[in-house]
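In what follows, a single structure is set out as C-alpha cells and then discussed.
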Amino acid sequence: MNARVADLAPPLLFGLAVLALWEVGVRLLGVPAIILPAPSAIALRFASSTPTLAADFLQTIRGVLAGYAIGSGGGLLVAILIDRSPFLQRGLLPLGNFVSALPIVGVAPIMVMWFGFDWQSKAAVVVVMTFFPMLVNATVGLAGGAGSMERDLMKTYAADYSQTLRLLRLPAAGPFVFNALKINTTLAMIGAIVAEFFGTPTVGMGFRISTEVGHLSIDMVWATIVVAALTGSAFYALVTFIERRVTFWHASYRIREN
Amino acid sequence: MTLTQTPHAETTIEALHHVIEISDLSLRFETRDGPVQALSNIDLKVERGEFLSFIGPSGCGKTTLLRAIADLETPTSGALKVNGMSAHEARANRAYGYVFQAPALYPWRTVADNIALPLEIMGYPKFERDQRVAEGLELVNLAGFGKKYPWQLSGGMQQRASIARALSFDPELLLMDEPFGALDEIVRDMLNQQLLRLWDKTRKTVLFVTHSIPEAVFLSTRIVVMSPRPGRIQDIIETGFPRQRPLDIRETPEFLEVANRVRHGLRAGHSYDD
Amino acid sequence: MKNVLPVTIVLVALFALWYAAAALMNASLQEDMFANAGHTDYTTAELVAASLEMERPKLPAPHQIAAELYKLTIETAPTSKRGLVYHAAITLEETLIGFLFGAAFGIGLAVAIQSAPVLNRSMMPWIVASQTVPIIALAPMIVVILNQFDITGLAPKAVIAAYLSFFPITVGMVKGFRSPDPLQLDLMRTYSATRRQTFAKLRAPASAPYFFASMQIGAAAALVGAVVAEVTKSEDGGLGARLLAGSYYGQTVQIWAALFAATALSAALVGLIALAGRIVLHRMAFTR
C-alpha cells in the first residue's frame, strides 16, 4: 500500500502546485477572465451551470458510445470475417493503417449531410474513426497472438477452424483487441466533439465550446473542457479495468517496472 | 545385456507390433538460401511399447522426423505409416499426444482446464473430462494444483502438466520434442525418473527427441543416432536395460558403454565438426 | 511488395462499390429532379448516369471528385482563393510550423524527463493521462485567446498544431529513451559511463525507431490540429475552412475535394517521414 501512495504523491503534488500557481498568478497579475479564468472561477461556473453541462454531456456521450460500439464491433467482426483470406488481409491491412493516419474528422460535414444534425451523424464520424484501429489491431492479434507451438498443438488434436478460433486465437488476440479499445476511447471523444464543431442542435460539448468561445465566456468553455477531460479519463479507465479482468493472464501484468 | 543392432528381419508377427513404419523417407525444405535436405532416406520401424530416443546435433533432422510422424510436416518422398494409416489419418484419429519444448499451456486456462483442452475438442462429456483430468493430475504428481494458472507453476511443473495434457485422451503414442531441455539438471533428473515410471505404468510407445546423451541412454530401450547435412540415421542402438531402472544406473560400465557407442556414432556422423 | 496485388484489387473493388453506392444513394434524389423537370420516361441506365453527374449529390462519384480536384488545382491559379492549392498551402504552412515546434518541444521535454527523475515521477503521469483527454476541445479556446493578444492568422493554428503533436511525441520518445535492455544499461554502468554518455551512446540511438514512429503520429496530429483550428476561425482560409464552407453552402463535391486534399497532404507528410525512417533505420541496422 505504501508503494502505491508513494507513486501517487509526486504527480498529485505537481498537479496541486500547478493549480495553486494558476490561481495565485491569475489574481496577482490581474489576468482578465476572458483570457484565463482562475480555477476558482471555473469551479463556480461548474456549480452554477451544472444542468447545462449535464445536458451537453448526455448529448455528446450518445454519439460517443454508439459510434464506439458500432465502430469497434464492426472492426472486430470484419477482422474475423477476413481471417480466412490472407489475400484480403494483405489488401486491407495496409489500407487500414493508411486510413488511421488521415484527418478522419473531416468526414463530419459529410456525415451531417447524410444523417442530419443530431447525435447520429456524430456517431457516424466516431464509427469511421474507430473502425480501422480495431480492424488493424484485431487482424494482427488473430494472426500473431497465438504462438506456433500453441497452434501446432491444436493441429495434433485435429481441431477444426472454428474450434481453433474460439479456443485459441480469439483469447490470444485479447490484448490486441483491448489495445484498440483503449485507443478508440480517445478517438471516440475527439470524433464526437469535433463533429459537433461542424453543426449540431443547440446542445452538446462541442457545441458548447464553440458557441461560448464566440461569447468570450471562457470560464464556461473551461468548465466544459473539464467535463470532457473527466469523461475521457473515466472512459479510458473503465476500459482499462475491464481489460485487466479479461486479459488477466497476459505477461504484462506480471512484469514489475523499475 | 547385449548391445546389438536391431535386426531388419521382417516376420508377420513383427509387422503387427510395428506402430510406426518408415521407409525411404526424405524431406526437403525450400529456404531463401536454397533447398535444405532435412531428412534423407530414413528407414525405421518402431515397436509397440518401446521407448525410442532420437539424438543428434541441431540440423540432424530429429525434430523434423518427429513432426513428420505427427503430420506437422509433409515428406517430399518415401512412405510413412502410423498405426497402419497415413500420418494424416493418424492425426485425424488422434493417435498421439505431443509434448513440445516449452509447456505451451494456454495462460487464460487453469491447469485443469488445460489438461481438459483436448477432451473438450474431442467431445468428451463433462463427467468424463473431470475424471480424466483428476487422473492426469495424479499421474504427474500435480494433484491439488488444478485450479492454479500456468504462470503460478514452476517450469518443471508446467511441463508435467503438458505431459498430463498429452495423455488425457489416452493415445497410444507419446511424441516428445526435447521436453526437458529448458529445465535445470536437478529438475531434469527428477522428471526423467517420473517419465520412466509413467511409461512403465501406462505402457505407451514413446518417441523422445533429445540432445543429451545421458538422458537418451537412461530413458530408452533403443537410441536412434542421427547426423546432419543431410539429416540421416547414423546408428540404431539397443540399450537392453530393464524397464525399472534407478538413477544410479548411470554410473555402471554398461551405461558408459552405450553412451560411448552413441558418442562414437555422433562423431562418425561429423556431429562434432564445425 | 507482395502486398501490391491484393491492395490494388481491394482498391479496385472499393472503387466499384463506391460507384454502386453513389448510384443507389443519389437515385431517389435524381428521380425527384426528373419528376420536377417533367421527365417521366427514362431508362434505368439514364437514371444511373444522371445520378453519377449530379451537382449536389448525396455521394459524389469518384470521377466527380477527381474532376473537381482537377478544376481546383490545375485549372485554378495557385494564388486564387477559389483554388485548393492556395488553401492547402495555408494548411501545410500551419502544420509544418506547428509540427516543427511541437516536435522540438516534445523531444526536449522527453530529454528533460529522462534526465531528471523528479520530472519523470511528477509530470509523466499527467502527460500519459492527458492522452485520454480530447485535447482538441481546447482548440477553439486557444484560437480566441490568442486573438485577444492580437495573435491572428496563421499563428494560432500553428500553436494548436504544435500542441496536438507534442504529446504523442513526448510519450513516444520517453518510451524510446527507456527502451534499451537492462543488460545494456548495466554494461554502461560497468564502464562508469556518465548519464550524458549513456544517453548519447545508448539511449538516443536506441530511440531511433520510436523517433520516426512518433514523428509520423505527430505530423498527422499536427495536420488534424491545423484543420480543426481552421474550422473554428475560418476567415483565414485553409482546408478546414473549405470544409466548413462546403458544409454551409451544401457544396457536396467541394467538401469531398477538400477532404481528399487534406488526406493527400497527411499521407504525403506521413509517407515522407516513413520513407526517411526506413532509410535511416536501415543504415542504423534496425531492420528486421
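The first chain written gets the first letter, and so on, giving A, B and C; residue counts start at 1 in each chain.
In this section, a contact is a pair of C-beta atoms (placed from the backbone, for glycine too) under 8 Å apart; a residue touches a chain by one contact, two chains touch by 3 or more.
Not measured: the values here are computed from a predicted model.
Colleague: Specify the chain pair with the maximum number of C-beta contact pairs.
Modeller: Answer by contact count: the chains A-C.
Colleague: Quick one: most central chain, C-alpha centroids?
Modeller: A
Colleague: Taking the mean of the C-alpha atoms as each chain's centre, how many Å separate subunit B from subunit C?
Modeller: Centres of subunit B and subunit C (C-alpha means) sit 56 Å apart.
Colleague: Taking each chain's centre as its mean C-alpha position, how far apart are subunit A and subunit C in Å?
Modeller: Comparing mean C-alpha positions, subunit C is 18 Å from subunit A.
Colleague: From the C-alpha centre of subunit A to that of subunit B, how far is it in Å?
Modeller: Chain centroid spacing, subunit A to subunit B, equals 50 Å.
Colleague: Can you pull out the residues of subunit A that are in contact with at least two other chains?
Modeller: Residue numbers touching two or more other chains: none in subunit A.
Colleague: Mind pulling up the subunit B residues that touch subunit A in the complex?
Modeller: Its residues touching subunit A are 70-72, 91-94, 96-98, 100-102, 104, 106-108, 117-118, 120-122, 149, 151.
Colleague: Quick check: in the complex, which residue numbers of subunit C touch subunit A?
Modeller: Spelled out, the residues of subunit C in touch with subunit A are 2-3, 6-11, 58, 118, 121-126, 129, 131-134, 136-138, 140-141, 143-145, 148-149, 182, 216-217, 220, 223-224, 227-228, 231-232, 239-240, 243-244, 246-247, 250, 252, 255-256, 258-259, 262-263, 266-267, 270.
Colleague: Touching subunit C in the complex: which residues of subunit A?
Modeller: Residue list for subunit A touching subunit C: 7, 10-11, 13-15, 34-36, 87-95, 98, 101-103, 105-107, 109-110, 112-114, 185-186, 189-190, 193-194, 197-199, 205-206, 209-210, 213-214, 216, 218, 221-222, 224-225, 228-229, 232-233, 235-237, 258.
Colleague: In their complex, what parts of subunit A are in touch with subunit B?
Modeller: Spelled out, the residues of subunit A in touch with subunit B are 147, 149-150, 152-159, 163, 167-168, 171, 174, 247-251, 254.
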